[in-house]
Amino acid sequence: MAMVCLSDFEAYAKKHLPKIAWDFFAAGADDCSTRDENILAYKRIHFRPRMLRDVSMMDIRTKLLGTEISFPVGIAPTGFHQLAWPDGEKSTARAAKAMNTCYIASTYSTCTLEEISTAAPGGLRWFQLYIHRNREVAQHLVQQAEALGFQGLVLTADVPYTGKRRDDIRNGFRLPPHMKLKNLEGAFEVCKTSCLDASLTWNDIYWLRSLTHLPIIIKGILTREDAELAVKHAVQGIIVSNHGGRQLDGGPATIDALVEVVKSVQGRVEVYLDGGIRKGSDVLKALALGAKCVFIGRPAIWGLAYKGEEGLQDVLRILQDEFRLSMALAGCASISEIGPHLVQFSKL
Amino acid sequence: MAMVCLSDFEAYAKKHLPKIAWDFFAAGADDCSTRDENILAYKRIHFRPRMLRDVSMMDIRTKLLGTEISFPVGIAPTGFHQLAWPDGEKSTARAAKAMNTCYIASTYSTCTLEEISTAAPGGLRWFQLYIHRNREVAQHLVQQAEALGFQGLVLTADVPYTGKRRDDIRNGFRLPPHMKLKNLEGAFEVCKTSCLDASLTWNDIYWLRSLTHLPIIIKGILTREDAELAVKHAVQGIIVSNHGGRQLDGGPATIDALVEVVKSVQGRVEVYLDGGIRKGSDVLKALALGAKCVFIGRPAIWGLAYKGEEGLQDVLRILQDEFRLSMALAGCASISEIGPHLVQFSKL
Amino acid sequence: MAMVCLSDFEAYAKKHLPKIAWDFFAAGADDCSTRDENILAYKRIHFRPRMLRDVSMMDIRTKLLGTEISFPVGIAPTGFHQLAWPDGEKSTARAAKAMNTCYIASTYSTCTLEEISTAAPGGLRWFQLYIHRNREVAQHLVQQAEALGFQGLVLTADVPYTGKRRDDIRNGFRLPPHMKLKNLEGAFEVCKTSCLDASLTWNDIYWLRSLTHLPIIIKGILTREDAELAVKHAVQGIIVSNHGGRQLDGGPATIDALVEVVKSVQGRVEVYLDGGIRKGSDVLKALALGAKCVFIGRPAIWGLAYKGEEGLQDVLRILQDEFRLSMALAGCASISEIGPHLVQFSKL
Amino acid sequence: MAMVCLSDFEAYAKKHLPKIAWDFFAAGADDCSTRDENILAYKRIHFRPRMLRDVSMMDIRTKLLGTEISFPVGIAPTGFHQLAWPDGEKSTARAAKAMNTCYIASTYSTCTLEEISTAAPGGLRWFQLYIHRNREVAQHLVQQAEALGFQGLVLTADVPYTGKRRDDIRNGFRLPPHMKLKNLEGAFEVCKTSCLDASLTWNDIYWLRSLTHLPIIIKGILTREDAELAVKHAVQGIIVSNHGGRQLDGGPATIDALVEVVKSVQGRVEVYLDGGIRKGSDVLKALALGAKCVFIGRPAIWGLAYKGEEGLQDVLRILQDEFRLSMALAGCASISEIGPHLVQFSKL
């Protein structure tokens, strides 16, 4: 079977992963309407492509907080990569480095931050943080990540509690015994999701900042009000995200929320997006609407499930080729030429 | 089979109830478009969830006309509970009391008001009233309900005649011989639905008020004009309802009508809603749009059909857990934090 | 099988009529999108039902150009009734009279006007006229209709040529040899549809008026411009119609066009509608939007196909019952209480 | 099987063409959403048909840049006609001439321009040009086309690179060895699609104009900005096109883009359209919205696949008959009566 587009990887993963693992990665909250909206919303955005512009020399590089990446697609934080491929997050790190893009490693990795770091030295990585009631966990992880050369800290803001994912409940989902949340072992063994700190507020950003020199990116913002608060609390970046539709079902598609957030932020911090990216043209739409970069979650897992590091590189390369082609066909030769004039929301 | 969400109870009930009973409970009028719209309309309302608010201590209690209930979901009046479970409305009353919420018992119960009352002493109950041409029936029932400790009187305003439910006609639906409309036995035996008083008008509210000290809640209001009339006639509450889509097919979804009614009422009386509630997030949407509480009809029947009192408690508990989680994920720790800023109508 | 609603008659007719006849009656032009829109458009109109209004005494009678009918639904002109039932238009006439409503007999009847007249003496009938290139045909038919007591003349304006109905072409549709267009026999034998006068203009209304004392109703108007012209040319009534979607595919649903026509006409002439009426609530919507009466086409055929005169009476009686019930549930006890406040167009 | 409408030819072609050829002609880019939108968009445009206008004498002729054609439908440029019929573009040329309309021959023809010219001497033909990095190719082809009597030069503006058509990749699509891109043989053998000049800009229009006296029509314009540039660079015509949805997926339907382009151009040059035309009424809608003429792509291929020259004539004749009938039923007897008053965009 030829792997031509991301859906091919999805089909492969669905066929080859154990059902319980597939269900876990595919899960959305409740009726999965937000998960599905993330994808459908792109279909309501039309391009206004421009013709006869010199697109013979394409430059699709961009920068994340000043660091260059090969194209504006990174790897969103997702947990439990060993469920998809034996080498787990080590493969993810290698693929991201090979493609010269950013990998946001999750607190819920099945490899240690050190293993991830060692697997692909010099790669651009951010660390995604959950904050547990025992604040020592976060303190330890943040300082470890900084020491290991991670270049950004992504604070997930949308998980005071875990969303209700029906299939996981039906399946009695849990990690197989031979896999571990390796960053939460030993002293922090007890810190499972049920120990997340639901009392977290914006003030805790100050505490977090006191722990590290790393830039702080806040993930899970969907409204102008929260975007304003994020800027006010001096974060360096915002990831517009609904956690892949896995938390509050009924929230907006991220591409729709992006418009509101970008308008509120007015360029004061970088704005990113995850959720629903399935084609290079989706990336172009997100950038046209103001995202600096997008991140892929499930498609990265499908790539791992296909062939580990190599499969994820395939996924990224396809997205990269599609993005470059979409840009060219829309008349843009470089990222700086992309803007809101390129798109319009369908009246339908 | 795991009972994870309300749809699971629906599937169970559809499989296990006799077809004629399932059809009766499921029935909508004509093409069932209003019945189905009640549910679909929620999908057009998106949350605007807020992040990083302290949701570690959740308080989901509210009050119905001053009486505290454990969360803003009560049991809507529906008839013939023995069709779903042998103990009928006695089980319903027990489950509602166990979950500390309000049960609106129907005129068309298959248990007497006294049996209902005795089954769960001290539970919060309202009595739903149909008014027959023989006004003595209503007078008797109202005074009996008051004497038995019912705390509210719900006047159904949308049944001058019964809606046309095709399946009931095809099935020749009628109560099995061993079940009785026990509140209409003896002297009132002849008072069946065909004897409803189609000449009822707003002036009859005054007559009703002369019979009882109980607060009067009017059920079946869908327009601002009628909401205004309800306030003018000094009712204590309004239930926005289209009778589960069983009366006039083509009416609005209740969640859509709620907006108009709430705007008209401007807080002068409490506004409730029934119809289409299937998830905790639906409850949150209704509250965000101004409902003080919602009531469930068919889902309560499914709970009874599953395991009687215990099954209905399961249904209520699931809704309660989902509602609490939705509130937390939307950034609200108590009912008072819920407001219209939490939602927006989809442009689609 | 119980005949509960009009769809039941449709299913019966589809099952029992010869395919070629079913296809002929069911046909729409081209992709049948206008035919289907006629029905779908009703689903986008919501009621705003009013409660607690005395609906114990329902009066659903109305008047067509001054003549009382039992309820605002008549029989639209359709051809070839013998394809549906051996007695053809004679049965139609009897059913309409029995139900005390208006029957618009088609030029393309398989019974003569005289047979129709004799079958149900005293019934309210209008005659639908196609104008052929040989103007003597129209002159003869009009004068015959007037002599036979027909009380109105319906000029079809939307058939300069016959629409393209794919199934009829595929089936090679033609009348079976034992059926005749009896009003076009003898001298007028050659006047088939291919002889329709495509040069007809508004000025020909004057010529038509010179032939008869009957009121002239124009059928097939869909725009405000043509409605204005109709009033200017002193017709007595307008039937908003797209010929059941059988002529220009892509035209508006009649219920949508009605709004524009009613607004333009401002009560100067009566406005009627045909197309898409399948339930009593559809009738109520049309009246709320300004129609004085509606006419049914295909449902009348289904009734004939079921049991001839008796079947058509069943269809009319069901519509009558549904209409009365819808009125009552919307809070109207008489036609005069129906108005635009009863409906709103869905934003969807 | 009766060939009644264009869908019948589509079904025939799908059944009889080799899968690889069918897939090539049917292909859209990525998810094929723009390809499908081209068709769906027509369904959102409703006619406002006018009645009682003399349509007995229909005149559907129009002019393309001053040259009369029998009706406003020409043949859009598509490649590889020998994949559909052995005689390839020679049959296309004969059919177009027989029907007295315009054929735009593609650079990627499987017959030489000379063969095309000889096959149907005197027919109205335009030549569609791709510009390769080796500009001698274009220069040679343009001058050859002019010498052979082609009367217009169509510059394709939307293919700096070829769109991503998944099925072609999966199928490993390439021309069978016995077919050749005959206009690119010999000296120009190497000029395949991969050699297209992606650096083409508006200034190259001046260079093109220096090569030929032929009028230049630019194909692939979708925005007002580019329409303005086209007029500014003195082209004689604009074809609103998205390349049949084969280039940038997510672009607008051409009928939607037409409105924007026509408004911008304000009659300064002729505006045409291709994409999604499947019925005569689609042609009428495009003309009502300002197109001077439309062009058919895939339907022409289906005609060829059915019976070569004869099949394509069938397709054109059906479209012609449908267009004439639609015009008549909308109340227009000649092209000059068609205007924007005839249509409205559905609110849905």
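Read from first to last, the chains carry the letters A, B, C and D; within each, the first residue is number 1.
Just so it is clear, a contact is a pair of C-beta atoms (placed from the backbone, for glycine too) under 8 Å apart; a residue touches a chain by one contact, two chains touch by 3 or more.
If you're wondering where the values come from, they're calculated on a predicted model, not measured in any experiment.
Student: Copies subunit B, subunit C: same or different interface, half of numbers shared as the threshold?
Tutor: Mostly different residues: under half of the interface numbers shared.
Student: As a multiple of 5 degrees, what angle does the CA superposition of subunit A onto its copy subunit B give?
Tutor: 90
Student: Using mean C-alpha positions as chain centres, tell me how far subunit B is from subunit C in Å, no decimals.
Tutor: 42
Student: Measuring centre to centre with CA averages, how many angstrom lie between subunit A and subunit C?
Tutor: 60
Student: Could you list which residues of subunit D touch at least two other chains?
Tutor: Residue numbers touching two or more other chains: 348.
Student: Can you tell me which positions in subunit B touch subunit A when the two form their complex?
Tutor: 2, 4-5, 42-43, 45-56, 279, 281, 285, 321-322, 325-326, 328-330, 341, 344, 348
Student: Using the touch definition up top, name the residues of subunit A that touch subunit B in the complex.
Tutor: Within the complex, subunit A touches subunit B at residues 30-31, 33, 44, 157-158, 160-161, 163-164, 166, 169-170, 197-202, 204-205, 218, 220-223, 225-226, 229, 247-252, 348.
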